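Note sheet for the following structure.
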Amino acid sequence: MKFGILVNEGPFNHQASDSAYKFTEAALAKGYGIYRVFFYYDGVNNANKLSEPPSDDRHIVRRWSELGKKYNLDLVVCVAAALRRGIKDELLAEGFRISGLGQLIEAGIQSDRLVMFGD
Amino acid sequence: MKFGILVNEGPFNHQASDSAYKFTEAALAKGYGIYRVFFYYDGVNNANKLSEPPSDDRHIVRRWSELGKKYNLDLVVCVAAALRRGIKDELLAEGFRISGLGQLIEAGIQSDRLVMFGD
Amino acid sequence: MLHTVNKSPFERNALDACLTHAKKGSAVLLFEDGVYAATKGTAPGNTVAGVAKDLKIFVLGPDLKARGYDESQVVAGVTVVDYGGFVDLVVEHGPVTAWL
Amino acid sequence: MLHTVNKSPFERNALDACLTHAKKGSAVLLFEDGVYAATKGTAPGNTVAGVAKDLKIFVLGPDLKARGYDESQVVAGVTVVDYGGFVDLVVEHGPVTAWL
Amino acid sequence: MSQGDEPSFETGVVKKFLYLNRKAPYGTVYALEVLEMVLISAAFEQDVHLAFVDDGVYQIRKGQDTKSVEMKSFLPTYRALEGYDIEKLYVEKESMEERGLTSGDFVVPVEVIDRAAMGSLIDSMDVVLGG
Amino acid sequence: MSQGDEPSFETGVVKKFLYLNRKAPYGTVYALEVLEMVLISAAFEQDVHLAFVDDGVYQIRKGQDTKSVEMKSFLPTYRALEGYDIEKLYVEKESMEERGLTSGDFVVPVEVIDRAAMGSLIDSMDVVLGG
């Protein structure tokens, strides 16, 4: 069983990215595969490596990077949504890549379940 | 009569920044003063100079910069909200500056009206 | 006091919250997705028309037009304004409460 | 089909939309601000308890706890799960419809 | 970074994709960016369905004129859907009527179905997207 | 870029500031970032009021434990408000009761007032913030 994960909102303003992270972590812990995590709409802001939350808060961007590294996850940021919002290659945190929206549809096709998190 | 303007959401996902811009433009056209435009929460993303919307869409970031230049507006991005979200000096579009949340409260005190735009 | 509502009355409770708190004689501006509350043939439209004797209700024309409505489809007692009119309302009615 | 609701039933229409569309026997997970719909002593809580014979209703424990609720304050017929349980629901009940 | 980088649009698998639109247009961007998903899934030759429920029915209302808000109108994209063989568009009757709309108010041909039928449609899908 | 750059916290003007909290905590960040505004306006020696209406009443509910969602709890900040002389906290009775809460459920001392009184409070303010 493989999951695709879609994150529609940026970090902090909404819980969407937090919930997606906890879900992904739990799925991996149970031994399931994650075909891809796709960041769309304001979700592209989750890839901004300049993010620097207070030290007593969770670091949403870094946490995705670290989970990605540990499990070799494919963390894909939508190119069109990212361009609009000013998320470019030079801002990408470790483990994220920018690609087309086709990567989301492909995840919908290739995964057994696509789970969407948003506002 | 002087206005303070508060923008709580980023560009594109919500209409808040659009409405705030049109309101500010209309107030200036009527000869009123704008004491300050303050960007809080996801509103800090309005200052990201890397934003590159499709050519047939409005350029929300640049539009604020240009209005700021024309009328010498004080466009202030909240430092704490911006740090969380990865908006730093090197990303600031022309005319924006980063400062403390005190600048918002000061705008509330010094302006005749504070008008808030959000989700 | 000027109250503003920018959310659809079908999706959220912002319009209700505004109308149950606004004091008689206050002004209310419906804009962004809030403009649907001013449209004919809907329950929120009837509600808005009903309170228009106690509150001064306005709706933002550019947001109506963007959503495919014109003045003839707005319920009785509601005044259509443009962005300049929005500014005037803020000037005339004092502090603004945004029901986000 | 698994349906998810992450919005407060007091603020938005997402819970209603979900419950009026979900087919008998489907599963519904309440999480994030959606967990308030499972709390005792509220109208949405009564609604949720009422549909729990036709739908399998779940609520995410971590989101309940974050908001100051524990299992004893959840209406009858609703099962509390953790993130691992959320994953199991997706596995068992098939495609997911998120009522955003 | 361009769509030309996609490995291939052909996967051999055809799934039922549903775009469930429940938000009003312009107040949020969802209506616009959903359309980009719709077009790409058609390029992948998937079985694409669009549903308009609750405030989503406002998305395809005729007469939208965004000039004075200076936002991008997406009605031209909707009108172009037929050219991509995307023809399964469903409007929920109850949502439409609650908003004082009729089937003549839409810019594209749609099938108006009741809430129970909408529930069954949703239930029969493989992938449900939208926002 | 630090708060030390503020020209001065003393303006000689005291306005009535109201923070109107209508959103549930944690699903969105508003509850947390509003508190930062509250503290700064106290530093500016303004007449600060907090109102909890609709889902906002959930913000100050006792027992919040955010460990398993790994989000930052803001109850400690609420408990610290009294130290900043911020003591004008109002909860709307109707909102509280609709959610099955009583005045004993809150982490801070509040005054419970009815909707009409809340409307009058809002009406008497100079600056209304919140989200």
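Letters A, B, C, D, E and F mark the chains as written, and numbering starts fresh at 1 in each.
By our rule, a contact is a pair of C-beta atoms (placed from the backbone, for glycine too) under 8 Å apart; a residue touches a chain by one contact, two chains touch by 3 or more.
Because the structure is a prediction, the values reported are computed rather than measured.
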Where chain B and chain F overlap in contact partners, by chain label: A, C
B-C against B-E, pair bridged by the larger set of C-beta contacts: B-C
Chain centre separation (chain D, chain F; CA means) in Å: 28
Cα-centroid distance, chain C relative to chain D, in whole angstrom: 33
Two or more partner chains touched - positions in chain F: 26-29, 54, 69, 71, 127-128, 131
Sequence positions of chain B contacting 2 or more other chains: 8, 12-13, 15, 22, 41, 54, 57, 80, 114, 116, 118-119
Where chain C touches two or more other chains, by residue: 6, 10-11, 13, 32-33, 62, 82, 95-96, 98, 100
Which chain pairs touch, all of them: A-B, A-D, A-E, A-F, B-C, B-E, B-F, C-D, C-E, C-F, D-E, D-F
Residue ranges of chain A in contact with chain D within the complex: 1, 3, 8, 15-16, 19, 22-23, 25-27, 29-30, 32, 113-119
Complex contacts: residues of chain D adjacent to chain A: 6, 31-33, 62, 82-84, 86-88, 90-91, 94-96, 98, 100
Contact footprint of chain B on chain E as seen in their complex: 26-29, 69-72
Sites on chain F touched by chain D in the complex: 23-28, 54-55, 58, 61-69, 71, 73, 98-100
Interface residues, chain D side, partner chain E - complex: 1, 13, 17, 20-23, 26, 95-100
